[in-house]
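Next come two complexes built around subunit A: one with subunit B, the other with subunit C.
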Partner chain A sequence: MKLRFNRRSVLKGLLGGTAVYVGLPALDAFLNSNGTAFANGAPLPVRFGTYFWGLGLTDTPTGGTRWVPSKIGPGYEIMPELESLAALKDKVSVFSGFRVIGDGRANLVHWSGHASILSGIAPAAASKFDGPSFDTKVADAIGTSTRYKTIDIDASVSRQPVSYSTRTGSTFASPDATPLALYTRLFGPGFQDPNSDDWKPDPSIMLRQSVLSAVTEQRHALMKGLGKADQMKMDQYFSAVRDMENQLAVQLQKPEKCESCVVPAAPKELPRAASVDVVNENTKTMAKLLAMGLACNQSRVFTFVHTAGSSETYMAGQSKIYHQITHDEPTDAQLGYQPETSKLASQVMKGLGAFLTELDAIKEGDGTLLDNSLVMAFSDTGYAKIHAIENIPMFLAGRAGGRHKAGQHIAGKGDSVTRVSLTAMQLAGAPVGEFGAGSMKTSNPIHEVMA
Partner chain B sequence: MTKTASLCALAGAVLFNVAPVDAAPATHSKDPPAVKVALRRVTESQYRHTIADVFGPGIKVEARFEPERREDGLLALGSAELSLTSAGFEQYFALASSIADQALSEKQRQAIVGCTPADPTQADAACAREFITKYGELLFRRPLKQAELEPRLESAALGATQAKDFYAGLELALTSLLVAPDFLFRIESAEPDPANPKQQRLDAFTKAARLSFLLWDSSPDAELLAAARTGAIHSEQTLRAQIARMIASPKFEDGTRAFFADMLQLDGFGNLVKDPTIYPKFNQAIAESAREQMLLRTVDLLVHKQGDYRDLFTANETFINRPLASVYNVAYPSKAPWAPYTFAADSERSGILTDIGFLSLHAHPGTSSPTRRGIKLLEIFMCQATPQPPANVDFSKVQDSTQGTVRGRLLDHMENEGCSGCHKRTDPLGLALEHFDGLGQLRTTENGMPIDVSADLKEGRIEGARGVGEYLRNDPRVPACLVRNVYSYGVGRKAFGRDRPYLAAQTKAFVAGGYRFPALVAQIASSPEFFSVAAPKAQAAAPVAQATVTQLQPSGE
Partner chain C sequence: MKRTIEAALAVAAVLSPLAAMAWTKSYVVEWNEPAMYYGAKTGVIDPGTDCPQGTNPEVDWIKVLMDAGYTREEAEWLRNPANPTRSPVHGQNQMAFRGKNRANVYVNPTSTPDPGLVGVSGTIGEGIDLDGNPKTGFTSPTGEKGIDNNFYKTLGCWKTYRGPQRLSSGALQFNDSMRNGGWTTLIVVAGKGADPMNDPNVTVGIYVSDDKMVKDGNGNIARDYTFSIKPHPKYEAIFPARSRNGVISSTQPTEGTLREPGYWRDLELLKAQVKLEMKPDGSLVGYVGGYRAWQPVYQGWVSARGPVIEALTWVQLPGVYYALKRNADYSPSGPKGEKTHISYALRVEAIPAYVMTPDGTQQVAAVESYKSSAPPLEPVRFAATSFRVIDGIVIDPKAKHQAGPDAVILPPTNVADAGK
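Showing the complex of A and B:
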């Protein structure tokens, strides 16, 4: 009611020639806003994101580990497959030995791992989660005062756009899958340069708001008579409309200045190929755009897919894809691991290295954007050859504005992956005390890494 | 989020009390509230066809649509489970503004609006009402209720006054129709059946929409809506007459293309990638042409020639264009963008399985994949799902694929107990197609070794692609699968065990009638089962435990 009549009064004010910025809708977003204060010296906001890559890292049952450091705690040693993280090691915590506990549910290959990490529940069926992915909870908590609640990105050049972010468990986010699409979303039409001196509210935005209120007024009538599953779908529809309303409301506010925001040039389109060099290049380009989008306060939350769960990436010119190699390649008896697979895993990790480097390249206050961020990076599987869902590699990168005691190696000793997820949520500032279901239910984050 | 949600719910509730909804012209206020039996997101092609039908083909629809998802072999079933994401709504919102802007441009408005405002620089309630009522019905596929009309009239008035332009006001009203859930989703409603008040039947507008989305891949036109408004659509005679009219329309070709694009899983071409160092001939034009070729072949055989469905697997006649001719390694003498082409009687190519579309889509970026081809062939044409591969496969015995042919490598799966159950079904059919590489180009050797394309099936031994084509042609599961798909696609739900007798009867009629597709569609669309009501579940359905490989990317083969 309040929402609706505020809208109307804004419009009427507009018609009467009243200054347009007097009657802004009192959206929850503004009441909850927790980060618009950086112009007057308050702490910089914490950003949160997930980074996913497919096919795990090498840690064989015969003991040939290529990524698990032997040292626990701070000052862990850089293992061969973590080489690309060496420069940022002090800002990255490594989590080994955490596992998915299915409570009798089958290991759905290249699905159960990340579905459990993100939703806290071992999934019953491939292609669906049994609950929302937790990035949406973080977005609801910290993402409402920016233009976009969340930015979903897919660098994988897959057949279908890949995203593991979901509110219903069945409808997944539709990510920006090319640098140009991402650029357009962040800096294309509708972008307001926070550092521009001649900012004026765009009156057409209020008319667009009236378009949406005609829709939201029908909510009650629409919900009536719907079955449970359909109600959930309609709920998500209206939640999407609310995000749009929030976006419009944000655009009616004069943006806070952001020192580190420098509007980038439009990127060139890259060749479309799924080879790992192209995917890494894509990752770097999109990370650069994303980092600036975060610095320009367009969003505080993101989800990023480097390669999908059953990744189709390959070394250019090699007829077998990485996925096939992880299964086919015999374990070298002397080395104790699969040499070709490990080489590819190192290539894939270059993507994460490049990604974090771009976030670290933006200066913010006394530190960098990465220092004010928390990125949870993880895969779908541990040792890919056998689709292991034990020892899935997970990382927390960035200092989360000082909340994360980064640079440690934590050995999970068979604990549930959800402990890492819960830690990530809490470090990002989401008011969540418990996460997961069944044996993966936990209210016990990893205190060692929390300041 | 909950706080905002409750705020909105409250707003809705209060509104409902303050401004009671007037009875809509076609509904009776004494009726019990309609039961909404299904909510299905409109697909990209349904959206495009509807916009073209309602506003003319000149309207550009430029947006990135939300990804669709396949369930039980069909996107139509997946879209029944999907909602919209925030990014998706953003796209629809921008698209709605763009469509409204184009439809009400100075050039278009004369043809579209239908009435003239007293003063084009001011609001005109009567003309706005006429416009919103007309387009509201076409877009919502039913008449607008008073409570849906009012806010749009207000938008139109506000916009007109603010911009001093009547048409700017209409633009707002139209935009709000185009972003409404009633347009973006198909909301299917049921009402008590007057002949049997204890039973529910689909209401007339829902019936009309089912028909038009199946037959035309678009919203009902004015004539079909009229048959719904009067209730005539409930009579068998009117129903049959409408179906006959719709099949005779050129739009039936759109409906057929949409159905087969879904069933043949042609949605993967937009993002198909091949390693350019291995397949230098591949590019996006090839991918798009390959997709179009499969549709041209199918529509020509089934709609234009009213041919036998089984010929799809064996006919030498197809269509090619210049980019495809280079992959097929044949001359392209025509000046037209597409030309009919007949492969020689002794060619290894015949039927849709040897179109490079099928062969390249179901392969890896750098190699062919007999397993994938076998899985897809069983799934698409025979409705046979393959379970997920077991998690703990032991691949230690597999050979190096830089030597010999893929057959040797796959034999290892056959010896592994955990694998052989599925690979024994999937691989032989795929191995018989091995004379075609990952792009679908003809070859007879791999790594210098001749490729053996014989395959032992339960039913006997087959040889090469022609053998596979003949096998499909003669297998009774093939027509049964088509029947099941047409039905599921139309009603938007999986076929259950209780549908079995109905589907068997439909299949029998399809076979007896000579495997004609238009007749099959007519026979299903006119059957009472096509409109039967499945009550919505009070609880969200438990996810099905059995996974199919529909979305499965390469397995360990």
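Showing the complex of A and C:
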């Protein structure tokens, strides 16, 4: 029987009068016999994303570090603050020693670092970039055949949504800042106020009834035409969607009445800061949703913010926020580094570990979604205590469909951060030959990691 | 091209058989920091001969707020990071209002009693004997008496300033900024004698340049790069001096202004002197000292966001104000005048560089003033930020609730929509 679904198919259904869509993962049925490409010979798509976290990783005033491996090249050792990447080490390249070269422009703290990495230009003002962020160039190159050109996500639970993706340098993307918003973007229409005059289906109903129920007929038809492996994959996939729906539905259920409770006015905004465990949980939840969205070809490009540049996250129960601790914690004389800062950095890196693990959990072809992705993870600063813009931690994760010779440690020795950015663009498939301006202009990607 | 210009001034030689070979050495400052002698073996907060009890201790802000009249509930709410207005980006503005009748203690530090600041109690200090009196001041690490550095005496146990050379957090922060292009300071030393190491007639000029320093692959400032002097109406200092065994010392005090590695930027020195050593490796290290007005220094911290400075560096700014005032040791109007200035020394490390005249056409061959050719002083342009600081706190004009003497602290008034 000829399968009437292909890799571009989307399951469609009606729910409460509104169309809902569920994309499909790259099933074996869509692939060649080796699982390395689509049946018609087209390669599996490479996805690209940026992952940002605030406040760097821990260096020491005497030149020591808690994150830079001593071994250069493949087989680098896992440093304390990279522990959460250990399981994926072979899919992650570490870039140390790269720096922002301002050409006389001041170091705008918690801004110059990532602005330069993303735009290639040391910024003149702390609220703007002097050029577009390069993720938009990648999106223009590889993101045109999907429902969304790019998906912007902010897991930081900040007062204002945080995004560093910009086409103009002055206007930044409006990210999905909650799991629900992301879910709604990926699997249904946008969330609407149920009390508004312009009534649209209540997302809680959508969740309870399940998006999947709206596409039941199509789902059954699809399952019939699949081989056993694909059927299992689809079951797994739809189960995962269902798990997520159940998790999100909890947030939408009205609690039991309680006499002593006086319902306060609904908060109009989320808290401005959140403890790191909450942010990490948020990261994991949103990564799971994003991974599904990417696997289902909703988009091929994303930007993800774990915590903002001057991160306000904190360890639950502590009176100081992470940002403050990076500055005010003295270097421990015996240890040679700031222990609380390092502990928080490790916690923050758990977010990246969880994020990549979610991408790696989705099987795709003979590998995983992460194998067909390239995630450039980076921060705003190196040694956060002094707002250093040298040795800013940068990582490339995922094999980019085989283009990225992952699992290496590259020591930049003072080279511009833009070399890593250019490398990422080229690995992602963007036709970009050079990047940056002034002393950060480069046409020299890091060939060691390019297959 | 040689940096030391031993150009035989042929014409001069003809005119005067006694004219010696003039010489010039030129440098770029690759590191500078307030001269703070470090008396511990290791660490920052650990006890040492300078600060036997260690650094000024971390502040119990709950207690400080309660002492200022806030209830415990209010104080704990203000210090809880989960609350929306806790962000140091916005400086926890209410922290300012802890003076009498909830006056802003940053602009009115005497509205609260002196909370104290641990000062240096050691006897060793770095700097210069500014008053020529060996009985006043510290003893230098090499045994020289009379080192005047009350700035160090006042602030040397502040966590920001304490630490081994080049390793205090304040020095790291501002030198990192300078080395990344924030500003460039040049030093030109010129003599008229035959031996630069022993010359009774030396002049030292300190200038700024618009040319940025360049780092080598190891992140160090590269030697022997070229910089042009930028004539500046303010940043320039010229010191009459002599050299003896390679140590250049002032022969008479002067006045001058340097670009300071600190929040206040202008290091305006009265009775300024230098003590700089020409090292065998070609570098120049030592001190530039003098008396500086202390109130602008205090204002620098206030303008850097008082609550942020306090929270991050373990001081109460009113305590800093009182301590500076208490230890000020110089009055420009005479011994009986108000002591508006405090003795100070900047530790300087400079490396060889080619220094050109402002038009870039030739290397400088003498020390001279370029102020007359400087453009008018421009207003200080701070790096563009997304916030503005007024009276030591960040004001968000869009905020519905502002901190102040009459602000309601606790929820529900503020929690639901604070910061809007």
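Points worth noting:
The working rule: the second predicted complex is superposed on the first by the 325 of 451 C-alpha atoms of A that agree within 3 Å, B and C clash if a C-alpha of one lies under 4 Å from a C-alpha of the other, contacts with A are read in each partner's own complex, and residues count from 1 in each chain.
In the analysis below, contacts are C-beta pairs under 8 Å (C-beta built on N, C-alpha and C of every residue); 3 or more make two chains touch, one makes a residue touch a chain.
This one's a predicted model, so the numbers in the text were calculated from it and none came from an experiment.
Contacts of A:D140 after superposition on the shared chain: subunit B is touched, whereas subunit C is not. Once the two complexes are overlaid on the shared chain, A:A181 sits against subunit B while remaining clear of subunit C.
Within the superposed three-chain model, A:D328 lies in touch with subunit B and with subunit C [touch as defined at top]. The partner that reaches more residues of subunit A, of the two candidates subunit B and subunit C, is B. In the superposition on chain A, A:S127 makes contact with both subunit B and subunit C. Looking at the shared chain after the overlay, A:R159 reaches both subunit B and subunit C. Once the two complexes are overlaid on the shared chain, A:D235 sits against subunit B while remaining clear of subunit C. Of the two partner chains, neither subunit B nor subunit C is touched by A:G75.
By the touch criterion defined above, A:G433 reaches neither subunit B nor subunit C. Look at A:G225: by the touch rule set out above, it reaches subunit B but stays clear of subunit C. Residues 106-108, 124-127, 159, 272-275, 310, 312, 314, 318-321, 323-324, 327-328, 330-331, 385-387, 389 of subunit A lie in contact with subunit B in one complex and with subunit C in the other. Subunit B meets subunit A in the complex at residues 1, 3-5, 7-16, 21, 33-39, 64, 66-67, 69, 81-91, 93, 96-97, 145, 147-148, 151-152, 154-155, 158-159, 161-162, 172-173, 175-176, 179-182, 184-185, 187, 189, 267-268, 271-273, 275-278, 284, 364-367, 388-393, 395-396, 398, 401, 409, 535-547, 550-554, 556-557. For subunit A in complex with subunit C, the touching residues are 61-62, 99-100, 102-108, 124-127, 159, 264-265, 267-269, 271-275, 310, 312, 314, 318-321, 323-324, 327-328, 330-333, 383, 385-390, 413-414.
On subunit C, the positions that touch subunit A within their shared complex are 42-46, 55, 58, 79-84, 86-89, 159, 163, 167, 169, 172-173, 176-177, 180-182, 210, 212, 215-219, 311-314, 383-386, 412, 416-417, 419-420. Subunit A makes touch with subunit B in their complex at residues 1-4, 11, 14-15, 27-28, 106-110, 123-128, 130, 140, 148-150, 152, 157-161, 167-168, 170-176, 181, 185, 203, 207-208, 210-230, 232-244, 247, 272-275, 308-312, 314, 316-321, 323-324, 327-328, 330-331, 385-387, 389.
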